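Let me begin by presenting the structure, written as structure tokens, before commenting on it.
Which chain is which? They are A, B, C and D, in the order written, and residues in each are numbered from 1.
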Amino acid sequence: MTASETLSVAIVGGSGYAGGEFLRLALNHPNLDVTQVTSERSAGTPVSLIHPNLRGRTTLKFRKAAELDEADVIVLALPHNSAAKRIAEFEAKGRILIDLSADFRLKDPEVYRRVYGEDHPAPEKLGEWVYGNPELHRDELVGATRIACAGCFATSVILALYPLLKLGVLLPKDVIATGLVGSSAAGASASDSSHHPERAGSLRVYKPVGHRHTAEAVQELPGNFPIHLTAISTPRVRGILTTIQAWVPDGWSDRDVWTAYREVYGTEPFIRIVKVARGLHRYPDPMLLDGTNYCDIGFEMDQDTGRVVLMSAIDNLVKGTAGHAIQSLNIAQGWPETTGLEFAGLHPV
Amino acid sequence: MTASETLSVAIVGGSGYAGGEFLRLALNHPNLDVTQVTSERSAGTPVSLIHPNLRGRTTLKFRKAAELDEADVIVLALPHNSAAKRIAEFEAKGRILIDLSADFRLKDPEVYRRVYGEDHPAPEKLGEWVYGNPELHRDELVGATRIACAGCFATSVILALYPLLKLGVLLPKDVIATGLVGSSAAGASASDSSHHPERAGSLRVYKPVGHRHTAEAVQELPGNFPIHLTAISTPRVRGILTTIQAWVPDGWSDRDVWTAYREVYGTEPFIRIVKVARGLHRYPDPMLLDGTNYCDIGFEMDQDTGRVVLMSAIDNLVKGTAGHAIQSLNIAQGWPETTGLEFAGLHPV
Amino acid sequence: MTASETLSVAIVGGSGYAGGEFLRLALNHPNLDVTQVTSERSAGTPVSLIHPNLRGRTTLKFRKAAELDEADVIVLALPHNSAAKRIAEFEAKGRILIDLSADFRLKDPEVYRRVYGEDHPAPEKLGEWVYGNPELHRDELVGATRIACAGCFATSVILALYPLLKLGVLLPKDVIATGLVGSSAAGASASDSSHHPERAGSLRVYKPVGHRHTAEAVQELPGNFPIHLTAISTPRVRGILTTIQAWVPDGWSDRDVWTAYREVYGTEPFIRIVKVARGLHRYPDPMLLDGTNYCDIGFEMDQDTGRVVLMSAIDNLVKGTAGHAIQSLNIAQGWPETTGLEFAGLHPV
Amino acid sequence: MTASETLSVAIVGGSGYAGGEFLRLALNHPNLDVTQVTSERSAGTPVSLIHPNLRGRTTLKFRKAAELDEADVIVLALPHNSAAKRIAEFEAKGRILIDLSADFRLKDPEVYRRVYGEDHPAPEKLGEWVYGNPELHRDELVGATRIACAGCFATSVILALYPLLKLGVLLPKDVIATGLVGSSAAGASASDSSHHPERAGSLRVYKPVGHRHTAEAVQELPGNFPIHLTAISTPRVRGILTTIQAWVPDGWSDRDVWTAYREVYGTEPFIRIVKVARGLHRYPDPMLLDGTNYCDIGFEMDQDTGRVVLMSAIDNLVKGTAGHAIQSLNIAQGWPETTGLEFAGLHPV
């Protein structure tokens, strides 16, 4: 494997937003050559009809999944519980599998059953997959050929909390996360709840308790903490902003939190600590991250009470899905980690 | 008929936005008593489940149209070409019929066929209906029992152009109208084009040529002018802003335009001439009209060229549909014309 | 005092959003006659130039505060710490004073000093004012002539938590509130942070800790609970959605929460419990409340952990400010409590 | 001059949106090395404080213009009428000057005086500058050292009309352009009209007649046509959508228009003809162009009347300003024309 090699890529279920975002990024990646994109509904039509930002960038047409040819990398962008049921079929077609759904994220099939309400279709495979979060699993990702891309909300919670939990400094009290998300997180299919007049001005609590990504956060984070997530949809299209309330030792100041995050994330290419004393943009804001692979993390201590308010912002389709996957693949293949993920984001926008 | 009488009202097709808006206004109207609302899809459920702004305001439940009882007023809020096919059924149930669709707006069945692509189901009835635009047809509306509510885009075009055409001062050149509209104009049914991620940030030309409401404007306006309408959807939910380019005699100034609009609209309760020399809100803006029955009209002369830019703003669901209908009914019944339409609008919003 | 009397009203500081909203509501109130509106910056200009929704509704012009004449009711819509400094001046001009700022909300001058960073200008007056929250202080409001209108965020927190704290059922654990708010809450003055390109797409944590309204909530709510509020600005203009995480006894279900809210709020005219099993609008959403005086309250139990997620939604300028004030005044004067506050809200919008 | 050379760049007035966008693009351009950015107001602070998308991308700090050192390229991102007054100063500091303002766009000082209301400060220099529109002036741009970047609205009008005027097929009737624009076009300074509560929901006609960019369009387009532009601000932050009504010979169909645009723009790297028979995205939409250098152009014939509706969409800060400038510089330097302008745009967003 060399830095200049090129892998062929097939995207299965490429008419959705996750698949489309992987395609956008892969078309701009010097080591990836997308040769196939499948869509049952749109087979035969140009991909740029569904992903109009790619007009003039690709002449690919959708094909049916049944026509899938071999490829070096197969990216599975299917609804939850679809990829796992057909995993043997995909194993036969590609050496490297990347799953953007939730199918291979949870290690424990019992947890999967409880969270997703049905038995896992291929529990014996779960051990083969690496959870696609480079900040936690960089070493395991090296050489990996099965990458289960982390969930978007899970990523926003995990990356915000990880340093304090890794260092073992959080007090054992309930951790409260409140996540604000754009409409793209619900996918590309129109529904009553995505109807513009009902959604454009809405601040809608859509999952006050029991969000499925909580299980990923509990699995990935040290300490088996009670983490509670309330999810609210906002008028944005992309982006997640999560605020988290947690409790640190008496006497902790902002400086202590800084030190912890610097220690754990000091060299991370896609983590930025955003806590600025002046100006408009003092904390993370997903507005600034559309199209980028950054996870911006901020915090503020309430010294009177020992409470720290953590904040994380991501683009749910990039660091929350397709970008995270490409970053993981870059590591797996030994390519520079930021390859294809250089976009800085826009301001204003 | 006395000002203190109360009429019973049945709304047929009341789960859509036009029917819901009529219901909201009628519940607040001292002479109207809504006793029935039909919806095939939602029969049996409380209307406040579909129109959540009416929580605590009504205990009505949807029923099927087949269960329609008699009522003094029957409001038809059905898809185009539905009411006309069943008009005998509704005539048997109510003395006064108000149609919010396009079925009875056009006087000439041949024009109807050309515009809507099929024969009119009840051409012999067309002569019975009054076009529900009080500014043009106030006298005809007195005592009317068949009111064909004007189209929303048609209203924005007609009310902006009427004074200059009535006074016969427009030069015989093509009139160009560009209409910007919110997503509620496309109705309450979710579709790919109303999917929030595809629509929230969009400025989408959806009808560059051939908009159906053009035929209404041509029918209603004097002079048989060539009027061209380009319709563009915007990120707003409610509201239409239409700009119109027309040509006036050499030497005309803003003052001449003022005089014309004052002369024709001087005492209209729902027309405001908006042309202010300073401040933020110098011309009509639909932002200020959500929920109101106003049509704000502004203009600006380009004296060098004899071009006048007319601007009109309405709430497409109120002055564009349900409010216009209630204003027409108020006139028909001899009630004060502004009854039930007093809401001033919000600022900011 | 009789239900048919009319009081003259002067609004001091009427060019801002709070004063403008009071004006809008008062113009529609049968017992109120607004005779004066002051603004230092806009003196001499028509109020409808600044509040364009009132075009055609009033011919009032702004005057300077120095020109204030006597009135039955003086509404103080000034920046914080302004009204208290000049309170003797206003006491001399009107029998009834309503303050929309924070100046007379906190009972304890020491708490005021800690929260607002300066000594209260008139601490001896604090005892004369009633905290303008009808749901908690209805009896005290009867006949009141000094009404300190509750803060908007405080209202959203207080009304959501009050039943559980009044009934004494909350477990003694930290209460976490996360409030999402529109841009109108920051007032009518342009600033870098309100610049549209910087704000339109932003999800901005602007007060992660130390929000001033927390002190109001702690003062008003029984039990001296530790309440923590994180405030986030959203792309909306009006509205607050607050989610609150609190802890109830083992075994509590949704039914127990229902019972508590029904018991405490059963007859409240402006509280709606919103928890619907189906449809799009299952929980409170400020989208539905623009212009209304409702506080919608919802909840969801996480029975596994004993956590209840409370949600409240208000229009920050109505139930959060001017409507709350008018409701309080209605009670004080013995008028029907809903007078002038009948607007149901729009859908869609 | 070789393709691998690197030029040093100084951006004068780099705290605004145009300068910030040039900086973003230049940081990603292999042949450009930004060494200086000036801002009087923000001198001494990191550029990423004002342009937060560049966090982690540059360590540059703003300096005062008085501290400007020599550079190969000096980019002038100053308010109109500022650069021209000080042009000698900038000529002394850099070999290549790019002006993003309107100062050097108009060739005729008399037109400048009429449009901008004052005498041009350096009329003798006007002849040295090339109008920075590659589609019209590619040959003149080769080797150019004075590039006057085209205006954003002008670009949207010029590129939409150019093929029909170059081919001489437009009928001699008034051309009506209606331009919808986002708030970033008004710059980075907060004002009453950019205050979020006043702007977020607004459709505001801000220039019904007399838009200054009209003069650029008339200068650049063949035929000296009467072109009229009405400009409307929308809730978007970036982007311009312009619809244009023009008149073609009897019998013209969509196919004839296609042929004309293909003939003139066949090989243009940043022009895409967007006219799709199906799907959501049938015409140009600025939503799809944020951050890109594309100008998407569409059209629709009204064969009954000989009217063609042209549509163009751009990102006002990229193809409308900074990207257009870099494309021009690429041509001037003999670099591949798309260098640094590869971003495809996002969908959804």
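The definition used in the following text is that a contact is a pair of C-beta atoms (placed from the backbone, for glycine too) under 8 Å apart; a residue touches a chain by one contact, two chains touch by 3 or more.
Please read these numbers as outputs of a predicted model, since none were measured by experiment.
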Worksheet, complete the sentence: Hop count on the shortest chain-contact route linking chain A and chain D comes to 1
Response to the item:
With centres defined as the mean of Cα atoms, the chain at greatest distance from chain C is chain D
Item to complete: Would you kindly tell me how far, in whole Å, the mean C-alpha position of chain C lies from that of chain B?
Response: 35
Worksheet entry | Centre-to-centre distance between chain C and chain A (centres being mean Cα positions), rounded to whole Å | 39
Discussion item. Taking the mean of the CA coordinates per chain, how far is chain C from chain D in Å?
Written reply: 46
Worksheet item: So which bits of chain B are touching at least two other chains?
Response: 17, 184, 188, 192, 197, 201, 235, 237, 280, 285, 348-349
Practice prompt. Write out the stretch or stretches of chain C touching chain D in their complex.
Written response: 17, 182-184, 188-192, 194-197, 199-201, 235, 237
Worksheet item: So in the complex, which bits of chain B are touching chain D?
Response: 173-174, 176, 178, 180, 192-193, 197-198, 201-205, 208-210, 226, 228, 230, 232, 234-236, 239, 241, 243, 245, 280, 283-287, 298, 300-302, 305, 307, 309, 311, 313, 348-349
Response to the item:
Residue positions on chain C within touch of chain B in the complex are 17, 20, 24, 27-28, 49-57, 184, 188, 237-238, 272, 274, 276, 278-281, 285, 288, 290-291, 294, 296, 342-349
